[in-house]
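In what comes next, subunit A is part of two complexes: it sits with subunit B in the first one and with subunit C in the second one.
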Partner chain A sequence: DSQKTAFLLRKQWTLYSVTPLYRFSDAHLRDYARLLSAFIAAEKQKGLAVEIGVELGIKVAISSLPDLRGSDRDQAAILVQLSSRSPASPKNSEEKVIWSGWFCSVSGDDFSENVPEDFTCLPLFLANGAESYTSIVGSWFQKTFDCCFRRLAISPLNLSWMAAMWTGCKVDKNVSAMELVFSVPHLPQPLDISYAIHPEDAKALWDTVQKTPGEITQEEVDVFMDCLYSHFHRHFKIRLSATKLVKVSTAIASAHCDGIIKFLQSQYLTGVLMLLTELAISQIQ
Partner chain B sequence: SEKMQRRQTSKQPLQVHHKNQTGLSAWRKGGRIDPEKSVQNHQSPNNQKNDSKQDSLEQALSYFEKVQDHVSLKKNNVLQKHLTTVESIALQRGLPPEGFDVLLNVALSGKLSDTVNTRLLKSLIPASVIPETSVVSSVSWLCVSKCSSNIQLLFLRWLITVFDFIDHKEQLHALYGFFFSFLQDEKMCPYVCHLLYLLTRKENVKPFRIRRLLDLQAKMGMQSHLQALLSLYKLFCPELVTITLPGKMKTYFKDSEGPWKATIKTVRRRKQENSPVSQPLFLGTAQPQSRKRKWNTQLIIPASSTNKNNLEEDRENQCVDFYSTNEFFPVEQLQTFSQLLQNIHHLEFPSQMGSVLTNPLLLHYMNCIKDESIYLRLYYWMGQTLQEECTWYVADNKQYEEFKDFLEMVYKAECFLQEGFSSCEEFLYKSLPLWDGFCCRSQILRLVSWIPLSSFSEMKSHLYDPLAQLFFTSSLYFKCSVLESLKELLQNWLNWHVIHLDSESDSQVHSLNTTLSGLVNVVAELIDFVGWISTVALRLENNPTFLLYFILDFYETVCDMYLRYNLPLLIMPPAGVFYPALLSMDSVSLNQLCYIMYRYRTNLVAAKENELSKKKILQFKFSSQTYQEYNQYIIAMVGCLWTSSAFQKDIHPQGLCMDDELLKKTTVQEFKTSFNIIYHPAMMGYAVLFLQQAWPDDMTFNFSLIKGKKWNWYLEYLYAQGLKGLKVFIESSINRVSQAS
Partner chain C sequence: MDETVAEYIRRTVLKIPRDEIKTMLQKWGFLSEAQLQTINFHQLKDNISQDVVQLCEENSADIKQAAVLDIIYNYIYPNKRVWSVYQMNKTGEETDFFDLTDFKKKIKRRLRSALKNVTVTFREYEDNAVWIRIAWGTPYTKPNQYKTSYVVYHSQTPYVFISASVLKSNLPLLCQALVVASNYHDIREMELRSHSLNSLKDIVFKRYSQNFQTYYPKPLQERDIAPETDLRIIQENKNEKERIERVNREIFGDGPQPKLEFAQYKLETMFKSDPKMDVLDKKEPFRCLVKFSSPHLLESLKSLAPAGMADAPLSPLLTCIPQKARNYFKIREKKGLFPGSFVSP
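Presenting the complex of A and B:
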């Protein structure tokens, strides 16, 4: 299972929330790819008509990723990949993926159950590649399935949740340090403060904070962060609580407040996606 | 050049009745049986002149029918004469249907010189219609290439211009393939594209034709005429071809008007007929984008475009599906209300529901179709767009204007549909606490008036609390605007209630918040809220008439809820509103108050009668407190205005009752009468004018003269001055028997 989703790891994904897709059907992925490929060609050469179904410079593959879901009640994730063919020797040269994006819903069934049958709920969209392609693909989905894409930013509060949750996760090779990046507001020049903590120290701290394993409360997250802040204050006399948390990196994943994420551990992939699905749903509801 | 337009074909091309057409022979016999022509003759001041013109046109046509090859124009006076006749008649009143066959035949047969042919083609101005047969035979001349390429081009341009005047188009449609083959000719190509654009139907769009057009595109590059035709093909068969038109494009067919358009218009105007040319169609794909912003951060209302999505779906279910895909009427072609009516059974919503906002026809359609998914699609789109665009803090003016226009558009759609959008309600709840009360003020307040009914706990924290905060800290004008929009909100709720009374059997309507008791509670809370903020505002602003007007306007709706809206609820205004209105310096407010009290009375009397006549116990009846409050107010009012006993008889706890000793200390003489209809500060102006008219010589302003019969005259005078509220109040609430004695 982890091999099928391995290509999603160690890439930067830009997050979007997507409202339910109207009249989307898993059975027509090939047709969608054909139409999307012609749409991309038509968009790239505005004013020139494109026949649908012929081989074009950019190949579109749309496929289903059935492993990426929380339960059977979730819709299977949908992967869209654009690859380019070299125009010189189209047959010999290998196709190179130039852009990919995927829709998914992990444990979003509370939301999808309340939506009529005509709609498909895949509230989280992740894109990697040039924004011009995100724009074309997104527009096509918006036009075809009457949905709405919106950038999904992650608030500092949610970032601190991620920091706490991911600290508590067990990882085999505990190599990389946990890093928190803070940005100091209202300065003429931007000033970022990076706070790196040894993962074992962070885990030890979290274990003293968390009361019930498998359950996290807002209070515990606050205590955890406050401990880190007071430690920092003791050494540098800087109050991090007055700054803005902009980035969290751990061995599990790294997340930026602008809505950019990088997955690092395939075993925690669905766990992270579950949280992101929740954030996406709260943005569209 | 003109914008790309596609005229409605074949369905109802002209208003002319075909039975009115006569054959050339009948026409030649000189019979003026054609009603159209006889109408022309009546309009003309000189019938004889017309007769002779007709004769000469007849001669000219019969000459051109028999004309020999290669007659030279210069040497032949007869030809010159007939040509001039045709030209002058064509320019003046157009040619009759019978003329086209003859003139097209001679012009395209190559018998005469190009100069003559050109002049003939240029004079082909239709007076009414052009027979299809004459066009079909012209096309056969075109195929044998007897005429020069210039004449061919001129003919095509003529055909495009007069397309809507051709009486039938079925045979012409059958020639689609012929026209298509003319595309090879590089010179003809633009005009043939335009003609095909006018002719194309869904069944004409075939893969081999698409391939041929794509080949041409590859050969000639980006050509606007090819783009137009390909866009139309895409419209009919989005599963075969696609194209994105550049945003700045405006002209698709160059020089399509030719030398005829102006003359046709003149001839038409002379005949005082409306042009049959229907609305032009603009392909929705070319939407101008003013600014460059990041993807999806720009406020774009999607253009109406056909839902491509079910094309595949239906292809597989075709045997099951009652309406096959071919039957769908593309929304891009929906331009008129009659089209909507004709196609309503096979119309489909556009691929992006947001586009209905800018399309009144689709809003009509939406009103007819009650489908949850339609509202849900709109809900998602609007909710996301409102959140994305609401930038209270960003001072980017251009963006601000855009957002304002968007809110305006949403409001208009709500008015059209007579219901609020739930996405808009949620947006208001989220954004009102952050609102400065200034940005997009009128738009926001108008949207408030369309908030759907919901339970009070939500309304209080989401709407009333943030609104009250802004209300108390903002200008008088803002306060009035808020009251105005709350009045509209109340009216919208009441209208909703009246409409849904009829469909009460629908089980779905009865959700928790929309039961009658729920509704009564919610409405009562709104009225109480307005009563409270009005009382405070009158004190804050020191009772200005302007504010009082808006408050009383609200109560004009409140006092009539039982009779006008069938809602078992009446709430009296608080004393903080009633007394400032009663003691107002302005007759407008006093008159308004009188009218309101009259309506309260009418409603309460009706309610009491209903209560007494029905044996079973009503679920809702007005509390005795409402009657009591009304009575207290009426005693105060009658005491003030009529019996001059307000200070003694007012029994309202916040009323005017005052001790005589205290009143004497004010040193005001005749304090008892100081608020009756003569001495009331709002009325004294009338009393002065009345005295001046009744006793023009008396300059002492002796108000005590107004009594007995004069009192009645004074009342009549007041009524004549437009104080209708006072009239209905006195007539209903004051027992005049004692007065008559």
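Presenting the complex of A and C:
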């Protein structure tokens, strides 16, 4: 199970929200791959494509990832991969994946329930690879299924939630610090602050803050962050709450406010996807 | 001329901005003025460097001359490298007469006897500064001209600035050579690092404007804060704003700050919180690592309080950086009478 999703780990994924796809069917994935491949070739002809020296024809593969979902009520995740052979490598060599993108929905049933029959809900899209390919693939999906892609930014509020939630996760052999990165861009000379806490100490703090098992409240997240801010203020007299939280990194995953995520632990993959699905849905609504 | 030397010269010339190439070659002095006249310095850099290599070929350049060109380049563009500061100590009070020739001989001897293959080049500049370029080899391999360390030693001071590059394993040998050659006892690395060599010098030679603690503290002249140009904006707290500016000036001084890019603090202090909050109350330290980074860190920190993001005065952990001449700190809780204060070893 975790082997199939291992390729998702330790890669940087750019996040998008996607509105429901009209008349999409996971029985026609092969056809879609063919059509997308033709589209990419046509774009290349128009001179709109991409890296020089890469393509001797791009192969498109679209597949379903049935394990990536919250429950049976979620649509199974759909993976799109572009691969090609570099002109330098020999004829029979294997093709390398140069771009990946996948649609998914984890516990998005509240949203999908309220959507008419012909629509498929896969509100979260993750892309890894050149921006130009993301743009081409996105255009094709938008044209074909009448949907809309939008970059998914992550607010400091949501980043704080991730920091608190992920700190509380149990990880054996945790060697990664819990790191918060703040940015103060509007000064005459911009300033970046990295505040990394030993994972055991961060978890010890969170464990005393979180009172109700299995549930996290906004208040608990606020207390947790305030504790960290006041410890910092005690030393440096700087108010972190007045700066912009731009990145959160833990052993589970790391998230950047520009909507970039990295999954680091397969056992928590679905948990993180559930949170991201929620963010995507609220951006759509 | 050796092919590797030719390639090295070609690559060194390519690093130089086109408008500076002629001046740097003149400073180098290896090619005659007549030869330099034959080069078209308006053509592509690729072609300029080829022409230079051609002329060096005519003059039979060897690695020694090529190394001098490299030192000149690094002297003019030191900020491309990261420099660390070292301080040497001697036990006695005597200030020995500094014999440059003896110094150079001893350095070369120490390095060559250990490694057999090293390229060592010296160049003197104003302020008693000796620049040393070392290309490292091993007893079995020729020196790698692309893996070089640079040392700047001001002979009238105990300070050495080293840009070590990748081969950190040669650092102890280099330090040992410096200590022996300069008649000191030992050498220690200060926790001070930056790209800006001049700022590091400003800090250790105390060349920046400090806040001098005079015995009879005089109140600083009140400087009027520029009045708001937009009359619709009313300063609600004008007094506080003036206080912040005044405190900032007292701490940071009036002049420009030395240019550092980062400061790092390893915190091993206790976590303290409001007892009402009923949170963590451990007897062990709350371990953190804090890194500040900015194109000009001290100026950036100076602007935090006026921008409303920090208290004034800013914490001494930050404001002590130039005086303590360090930007790497380990902070522990001070035990005893004043539990709120910190110790930095």
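To be clear about the criterion, the second predicted complex is superposed on the first by the 268 of 285 C-alpha atoms of A that agree within 3 Å, B and C clash if a C-alpha of one lies under 4 Å from a C-alpha of the other, contacts with A are read in each partner's own complex, and residues count from 1 in each chain.
Just so it is clear, a contact is a pair of C-beta atoms (placed from the backbone, for glycine too) under 8 Å apart; a residue touches a chain by one contact, two chains touch by 3 or more.
Small disclaimer: the values here were computed from a predicted structure and weren't measured.
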Clash-or-fit label for the pair subunit B, subunit C on subunit A: fit
Touched partner set for A:4, first subunit B, second subunit C, both or neither: neither
Which superposed partner A:42 touches (first subunit B, second subunit C, both, neither): first
Touching partner for A:143 - first (subunit B), second (subunit C), both, neither: first
First, second, both or neither for A:190, with subunit B first and subunit C second: second
Partner chain(s) touched by A:227 [first = subunit B, second = subunit C, both, neither]: second
Touched partner set for A:239, first subunit B, second subunit C, both or neither: second
Partner chain in contact with A:198 - subunit B first, subunit C second, else both or neither: second
Overlay on shared chain A, then closest C-alpha pair between subunit B and subunit C (Å): 16
Where subunit A meets both subunit C and subunit B, residue numbers: none
List of subunit A residues in touch with subunit B within their complex: 19-20, 22-23, 25, 28, 31, 35, 38-39, 42-43, 46-53, 115-116, 118-119, 131, 134-135, 138-139, 142-151, 284
Contact set on subunit B toward subunit A in their complex: 210-211, 213-214, 217, 222, 226-227, 230-231, 233-234, 238-246, 249, 294-296, 302, 305, 307-310, 312-313, 351-353, 372-373, 376-377, 380-381, 383-385, 387-388
Subunit A to subunit C touching residues, read off their complex: 177, 184, 186-198, 201, 204-205, 208-209, 223, 227, 230-232, 234-239, 242-243
Touching residues on subunit C, where the partner in the complex is subunit A: 265, 267, 269, 271-273, 277-282, 286-297, 299-301, 303-304, 307-311, 313-315, 317-318, 331, 342
